[in-house]
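Below, chain A partners chain B and then partners chain C, in two separate complexes.
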Partner chain A sequence: MDTIFDIYLLEAIVNGVLLGGVLGLLALGLNLVFGVIDVVWICYAELVMLGMYTVYFLHVVYGVPVLLACLGAVVVVGVLGALLHYLVIRPVLQSEPINQLLVTGGVLFFLQSFATLVFGIEFRNLGLKLPILNFGEMYFSYARVLAFLVALAGMVGLYLFLTRTFLGTAIRAIAQDREIMPLMGVDSRKLYLVTSGIGGGLAGLAACLLVLQYDVHPAIGLTFGPITFMICVLGGLGNMIGGFVAAFIISQFISIGGFFFHIEWGYVIAFAFFILTMFIRPQGLFGK
Partner chain B sequence: MLKLEGVSAGYGDFQALFGASLDVQAGEAVAVIGPNGAGKTTLLRVISGIIPLREGHLSMEGRPLDRVPAHRIIETGIAHVPENRRLFPRLTVEENLKIGAYLPAARSRFAERLDFVYSLFPRMKERRNQLAGTMSGGEQQMCAIGRALMSGPKLLLMDEPSAGLAPVIVQQVFDLVRRIRSEGYTVLIVEQNIQQVLKVVDRAYLLEVGRIKLSGKSADLLASDEIRRAYIGL
Partner chain C sequence: MQRDVIAPLVIAALVALAPFAGQTDYFIHILVQILLWGFIYTAWSLMGRFGLVSLGHGAFMGIGAYVTVLLWNFFELTPWIGMPIAVAAAVALAAIVGWPCVRLRIVGHYFALVTLALTAVVALSIVGLRDITGGSLGLTPNREAAGTSIYAFQFASKTVFLYVALVLWLIGLFVWRAVDRGMGRYALQAISSDEDASASVGINVGVEKIRIILLSAGLTALGGAVFGQYQMYINPETVSGIGVSLQIVFAVVAGGMFVQLGPTVGAAFTLILAETLRILIGNEYHAADTTIYGLMLVLFIIFMPKGILGAVFAGLERAKAKAA
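So, the complex of A and B:
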């Protein structure tokens, strides 16, 4: 009896790690955009929702192979991210932070209503049958393992881009001192646009991984949005490593909490931990 | 090489420069000296396009810069070492140098120029993987100069390189300026440390409340009663 108990707990822990990868990827795009441009995309999860619809329509309705459909979603949401910056953020870049929050909040409702009107309120899914993997007595969904690996690859890819390339290094530099970037020959406006495109692309990649596991509907952003923000704030808003670590902390709370009590209790414990941390470290675990 | 004619500029309602004219010939080292608040930093910022020109003309090697956006000034061969160095504190020394070579033309020669900067400042090579913000003021100044050299400039603008440094380090910084000169760079330097800078440059302009008051050879200015009484305190 004892050994069985341990194996189920281990299964919960591993599932928490798998969930943490996807949550970490979700947090990454938001953190990148905030860290560089200093604007929070309240509508971030709605971009993810549109990415999920993109995969759905390309694959199920137009018969595009699922990998290509995913690539399409990354590109589409990347372009949406750049458009969001160009049309909505850039005009209010010099405004009060509260105004910047409100406009992206407005975009959230716009995108939700738009999706409801155009796609309807049905829950849609890809209808893919992915196998279940088992190791000894433990069972894991193939979709989750795949999502975890792709999320990890996405994060490593972003890390290499930000540390190895001129463009990526400039993106990190502009987050530290935007005023002198012109002296380096850097056009800040172009860099912001590129960063927003990458932020959108990461949302698109997260969308591909989520649509493997969840049905898409116009309000699905509300499922991922709050937890993504919580992870970013817990890690220290704008701190990509902090967001990454926070994603794994939160996912363990959800997974192990769900193992001992009930999955809803997992979320309750995770949010309680978050609130408690905010009392002790309002700037987040890794914030300055 | 660089020519300013009747340049006026300012911030909002505040005007900092009133019709300043100066020129820098290729191979020269020229200083703009003057008290705090005279408009020296503004002068360099206008040249770099960070502050818009209100009146007057600005040209580099005969090419007008009046309407060139700030981020394209560096393409004309002007690199700016800003006041207080302004390194990216949480990037390493080498990453800071990398940003200096951001221009497409500079990227292709990145490795070659990095070697050059490291040969000029071996200390930077030792600290290549250190975060720039953790170095001493003198080392940061080296890194800031190195970063500017990475774009392969013809003209180096230096804004108060000795400011905020300990007296011993100030000496070293002026030695750095001498070495930059001897490497063949043209230099326009803004300084409050008048006695020291006049020993390094060929000519200087005295800027007071936004206007050029005096100009001449450094030796003449060093000997002039007006400068000695007002700024050197002898």
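So, the complex of A and C:
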């Protein structure tokens, strides 16, 4: 009896690691935008939701192959991210930080209701049957393993982009000093737009991975949104490596908490841990 | 007498006369909603106007509603005692979370996110304790056979609740006035622009902030408790949770958080907008109202950050300045 118990616990831990990959990818886009533009997109998870719908409609309704549909979602959400910056963030860039937070909150309301209006409240899924992998007596969903690997690849890709390309270097520079860079002839408006587009694209990528595992419905953003913010803050807002590590910590709380108790308690413990951490290290676990 | 006494009393008198003008139950229901939410929004703005943007008021409202109903259902404790206990519980929670926030200077984005986590903890705990709270299915207070009972704080007539809500709303406005005219207001305004400078001129930053947080949380819990008694049904989505927290913040932003009647205008505006759209568009397109509402919020914050009433007053000031 004891050994079986341990196997299940181990399975929960590994599932937590796999979940951490997806959460880490979710946090990546938000962190990039915060680090560079200094704005928190409260509606970030709603962009992910729209990405999930894009994959669903392209694949299920219009019969586009899954991989192309995913590519489509990345592009669509990337454009949405750039639009969000252009239409909503840019006008309030000079006003108080809290207004920037609230304005994206308005977008959250808008997108969530708009999705309800257009897509209805039913839960939709891709209807893909992905195989289940088993190692010994442990079972993992293929979707989760795939999501984990793609998330890792996305993380590495972003890192290479930021460190190895001219545009990436400019983005890192502007994140370090917003006042000086424009004096050096860098067009910050253009860079912000590009960053928002990339942030959106990462949200789109996360959406592709999530839609493999979860049904999509208009309120799904509220499930992932808060946990994504917690992860970003826990890792130190704007600190991408920190966010990635924090994703794994939080996902372990959810997974192991959910293993011992009911799944809500996993989340309760994760949120409580977040509040406590803020009291002990307000700058985040890996903040400066 | 000043404007901030006359205006609420005039409005209150008009509302109090509404039942005598032969109004329908529906109309009274809308009025009660506006007054109750107006009270809760006012409670939020007490701290919100000083830059303490809380996304945690869904937690306080939920505790107010749930503690009251649970004490009644399980121990038959009258809401007259249950509500103060619920308020005390919310204030205690606000102190436990608020005090470290104040001491460790968790402000701005971080304060908003910590309080957001608090809402999530409370709402998920209510769902998780489903054996007691009924989980996502919600909870109904045990009904008194007669339908109306002062002891049970249950009234079959909406008109009675109209007066209850009216009194509550007036209390909210006068608390606002007391804060607005007190020394604390200047202290809090100074704190919201610079904590170090405020401390250096002798303001006790911690005490001033925690006082307004506790006051705001307590009143919100009271509003939640009465709201639960009025609806006779509560569930984690309608009285707690992140949705409620955001609803509070946005209605206040729409109405204007820096003027006394702003939150009430926000409540009236959002409720009337929702009802009008519901009647115009019909029920089959639900969420049409919130779609337009969300769009308007974005426009408000970009073009009218002081809210409807704030913008109206600013316009009047400008007109006066031009005339003079």
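The criterion applied here is as follows: the second predicted complex is superposed on the first by the 286 of 288 C-alpha atoms of A that agree within 3 Å, B and C clash if a C-alpha of one lies under 4 Å from a C-alpha of the other, contacts with A are read in each partner's own complex, and residues count from 1 in each chain.
The definition used in the following text is that a residue touches a chain if its C-beta (ideal position, glycine included) is under 8 Å from a C-beta of that chain, and two chains touch if they have at least 3 such contacts.
Given the structure is predicted, the values throughout are model-derived calculations rather than measurements.
Trainee: Identify the partner contact of A:R172: answer first if only chain B is touched, second if only chain C is, both if each is, neither if none is.
Mentor: The answer is first: A:R172 touches chain B but not chain C.
Trainee: Quick check for you: in the superposed arrangement, does A:V107 touch first (chain B), second (chain C), both or neither?
Mentor: A:V107 sits against chain C, while chain B stays out of touch.
Trainee: Just checking: does A:I249 make contact with chain B only, chain C only, both, or neither of them? Give me first, second, both or neither.
Mentor: neither
Trainee: For A:I37 in the superposed arrangement: first (chain B), second (chain C), both or neither?
Mentor: Neither chain B nor chain C is touched by A:I37.
Trainee: Hey, is it chain B or chain C that touches more of chain A?
Mentor: C
Trainee: In the superposed arrangement, does A:M181 touch chain B (first), chain C (second), both or neither?
Mentor: first
Trainee: Enumerate the residues of chain A that count as touching chain B in its complex and touching chain C in the other.
Mentor: No residue of chain A touches both chain B and chain C.
Trainee: Using the touch rule from the top, collect the residues of chain A that touch chain C in their complex.
Mentor: So the residues of chain A touching chain C come out as 40, 88, 91-92, 95, 97-99, 101-103, 105-114, 116-117, 218, 222, 226, 229-230, 233, 237, 261-262, 264-265, 267-268, 271-272, 274-275, 278-279, 282.
Trainee: Which chain B residues qualify as touching chain A in the complex?
Mentor: Touch residues, chain B against chain A: 48-50, 69-75, 79-80, 82, 86, 88-91, 95-96, 98-103, 106-107, 147, 151.
Trainee: For chain C, which residues are in contact with chain A within the complex?
Mentor: For this pair, the touching residues of chain C are 51, 53, 97, 100-101, 104-106, 108-110, 112-114, 116-118, 120-121, 124-125, 127-128, 242-243, 246, 249-250, 253, 285-291, 293-298, 300-302, 305.
Trainee: Show which residues of chain A lie in contact with chain B when the two form their complex.
Mentor: So the residues of chain A in touch with chain B come to 166, 169-170, 172-173, 176-177, 179-188.
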